[in-house]
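Common to both upcoming complexes is chain A, partnered first by chain B, then by chain C.
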Partner chain A sequence: MTEAIQNVANPQIEVKDLNLWYGDKQALKNVSIQIPKNSVTAFIGPSGCGKSTFIRCLNRMNDLIKSCRIEGEVSIEGKDIYGPGVDVVDLRKQVGMVFQKPNPFPMSIYDNIAYGPRIHGVNKKDLEGVVEHALRSAALWDEISDRIRSPAFSLSGGQQQRLCIARTMAVKPEIILFDEPCSALDPISTAKIEELIMNLKKDYTIVIVTHNMQQAARISDHTAFFLMGELIEFGKTRQIFENPGEKSTEDYITGRFG
Partner chain B sequence: MVRETYLQQLALLKESVLSLGELAEKILHDSMESVINLDLELARETLDLEPKADRLEYKIEVTINDLIALQQPLAGDLRLVVSALKISADLRRIVGLSINIAKIPGKIEGGHLKPLVDTRRMGDIAEEMLANSLKAFETRDPDLAKGTAALDDDVDKLFYSVWVELIEMMAKDPSIVSKATHLLFLIRYLERIADHCCNVCESVVYLSTAERIKLN
Partner chain C sequence: MFSRNYREKTIESVLFAVSALTVVILFLICLFLFRDGLTLFEDVPFLSFVTGKFWYPTSVNAQFGLLPLFLGSLIVTAGAILFSVPLGIASAVFISELASPKVADFLKPFVEILAGVPSVVYGFFGLVVLVPFIRETFNLPTGQTALTGSIMLGVMALPTIISISEDAISSVPGSLKQGSLALGATRWQTIYKVTVPAALSGISAAVMLGMGRAIGETMTVMMVTGNTAIIPSFPGGILDPVRTMTATIALEMGEVPQGSDHFHALFAVGSVLFIVTFLINLLADAIKKKYRFKVD
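And now, the complex of A and B:
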């Protein structure tokens, strides 16, 4: 990696020599990267290059896939998340995730948000405050405060996605992973989510997979480019989009392949 | 190859900038010939070329607008678009200054005050700078750009020595003030043209390396 960042200041997530196989097909090859705290890091690359696979390693979502085998180290705040004695439920509370398709639970808006905090033992009298706070943080409160008992499915796609973000925030994670959170949304909803993500980095570390180059350029501080399971280049977003070090990065972001 | 139209638009942009550059070279060269030989016919032909520069500048601007609005260029492509916009503005200024030069023969009656030896040298260096900065743009050559910009010092030195010489001549013989003033303007235009060539060179360095530097 030319001119790329090897060590970032204040890394929250550190990945060292990560290799991952689905059966005998290797999907991640020797990936090492440090992701800084309270910033937005974007992952870009052609479909199938391993972006989703990679971010799923950060909260052990790949554990749910039978054929999947992992080697290497992933630590968060210095703690190896694949080490012995790690509670995966706590880990996923610490590292929340928002998916491509909004996936609200088939219940009211209120209960969607209250669900996690209830499981994690928040008392009933505090719950309303938690729900309101989460909806405000997700910039949804003003639009729906008068109907939080309505079914979540009555919301528009963009609102559903912000509900899912609110739901993720309600359990107070430190890190939020977004896997193409806007690819099912219209431009206005996309703009709202982008604005939201840029505001969230004050309080959270954000990792986002996106196919939208302009989106990565707009909202992220650092950008990582993956190709066929390898991390080709990682650097300041401005540099990646103005003057990437690797030809394959340039070819990809300028649409010459991919 | 994906994005065929896009790549064609980028190629067209580069070509148009080079065409404007070629036109600027011709206008600068002919305006200098016309002023040195007081060739009114050549001066008039040169003045007639200005609208062609306007059309090229307009075409470049429209191409850049389309590229930004429709294609959102990034990385080296973005740098090409940004530098093409700046370079075309500099080239258009070079054309404008050269047109000013081509207007001088019509204002000078009788012959020149003196043989225009140093002034012609200034013109030759300015022409060389323009040719090399365009070549550096075409080949994305930052070293050629830097070397070209370094010639600006020679132009500046000549400017000051001719300037001092003309001022002294005017002090001695006020009857030549009108003719000498045209020559002062002439060297001033040439000095400015060399500065615009330096700007082109700076844009070429940015285009090639993403570095933003000041050359002189």
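And now, the complex of A and C:
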């Protein structure tokens, strides 16, 4: 492993010796990483390498899987998120997530965005402002401001995904996790989302899982390469792509497997 | 080659004939029901049947008023739905969302067994257990009331409502639930604000079908509702005896002279029942088709 792991400035997420099993099958092996604040960190690696599993440890989405068992330490802002007395609801408010396929709720665009703020008790009179702000932040406002009450399913796939990003932002998280957010989208929609993600790092810490190495190279500041449940290499994106320290990293990014 | 083709064709036509048979049977039922039902209106004006307030089929001045029977069916069915919908949806939510797979697998067969109990057994249970209970609880002269019928029919509609709602709730894509949980919603908020609303079309269809079952049920209601053909008052009438359309047909058909006005009146009542259940099923189907979940 490269020394970059030890030398990240201003880490917001710190993971130490994380091991994860689905039943008997170990999916993550001794993963340690420090993810810096207000930057974009990309996880790359072939299918089944554990990158999606890993990202789901950061907002405890793996809790939903009964057979899943976790050992190790994950801290966000110095607080162990698997520690006793941690409220998963608060954690997920702090760490938002955007999924592989757009998953808007079967309600209006407005209600989709207002869903999170409503359950977290935002005032009725502030709600409209929150919704507009979230839609503007997701660069969606100008396209849809005139039909905010129409069903979310009436939007295109790319718009739906940006709606899901806006929905996540409306809860005011500090960290946003993206689990292959563009894999179901066309190139133009993908470009829009990439641009959006790069703009978002001013205000959020972004972690993105991607299949697409060019995407990682384009938008991320740091890149982590996973293989068979292990974190093989982590460092500045430029260094990983131009001068990888490990043979397997080089093989993967040059397309020799994956 | 020829013979193989021939065989394929034969099998196809036999299967077609069998499935066409259901349509033919339905058509024949309609035909006979309506033919005899409509004959009533040669002697009794249509309006006095539909808006008639009295059902005195055997008196000298026979009156064939549908209203007491129709309203009797309505009050019993409405009560059954009020009783079984919250219970049914709650059970469906529990089985599909909250129970561990083990518990769910344990519960499901019981729901199915509930559907398989013969209606006369329900009636017997109602007569022996529920009727005395209602009589004593509300201090009534008789426990055979609309309420008793409603509760029994509610129980009988439960399996339909539970199993169809459960199907609808389980078919809500997991991605929606995850989306909600990832926003910091609790499990209950997710169920209440995302999962159940997303399954609402299936749940409405379940309610309609449960209602169809309740409206058409005969034996149980006949045994526990007292069978008094009086227009039920509202809302106190829920504690009075009532007579439903189904019970009327079952009670009177055996003693009625063939071809009499009374005979035709029972067919007319049957036609009304047929139309109502047909419409309910049609509506349930339309709801299911229209809102079938589009994601995934």
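Throughout what follows, the second predicted complex is superposed on the first by the 254 of 258 C-alpha atoms of A that agree within 3 Å, B and C clash if a C-alpha of one lies under 4 Å from a C-alpha of the other, contacts with A are read in each partner's own complex, and residues count from 1 in each chain.
Here, contacts are C-beta pairs under 8 Å (C-beta built on N, C-alpha and C of every residue); 3 or more make two chains touch, one makes a residue touch a chain.
Keep in mind the model is a prediction, meaning the values are calculated, not measured.
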Subject >> chain B versus chain C as contact partner of A:Asn243, first or second or both or neither >> reply: first
Original post:
Touch check for A:Ser67: first (chain B), second (chain C), both, or neither?
Top reply: neither
**OP:** Go through the superposed model and pick first if A:Ser145 touches only chain B, second if only chain C, both, or neither.
**Re:** neither
**OP:** Applying the touch criterion given at the start, work out whether A:Asn199 contacts chain B, chain C, both or neither, answering first, second, both or neither.
**Re:** neither
Original post:
Given the touch rule stated above, what does A:Pro106 touch, chain B (first), chain C (second), both, or neither?
Top reply: second
Original post:
By residue count, is chain A touched more by chain B or by chain C?
Top reply: C
**OP:** Go through the superposed model and pick first if A:Asn10 touches only chain B, second if only chain C, both, or neither.
**Re:** neither
Original post:
For the complex, which residues does chain B have touching chain A?
Top reply: 1-3, 6-7, 72-79, 209-210
Original post:
Which chain A residues qualify as touching chain C in the complex?
Top reply: 59, 61, 64, 89-93, 96-97, 99, 101, 103-107, 115-116, 119-120, 153, 164, 167-168, 171
Subject >> Touch list for chain A against partner chain B, complex >> reply: 213-214, 217, 239, 241-244, 249-250, 253-258
**OP:** Can you check the complex and tell me which residues of chain C touch chain A?
**Re:** 173, 175-176, 178-186, 189, 193-194, 197-198, 293-295
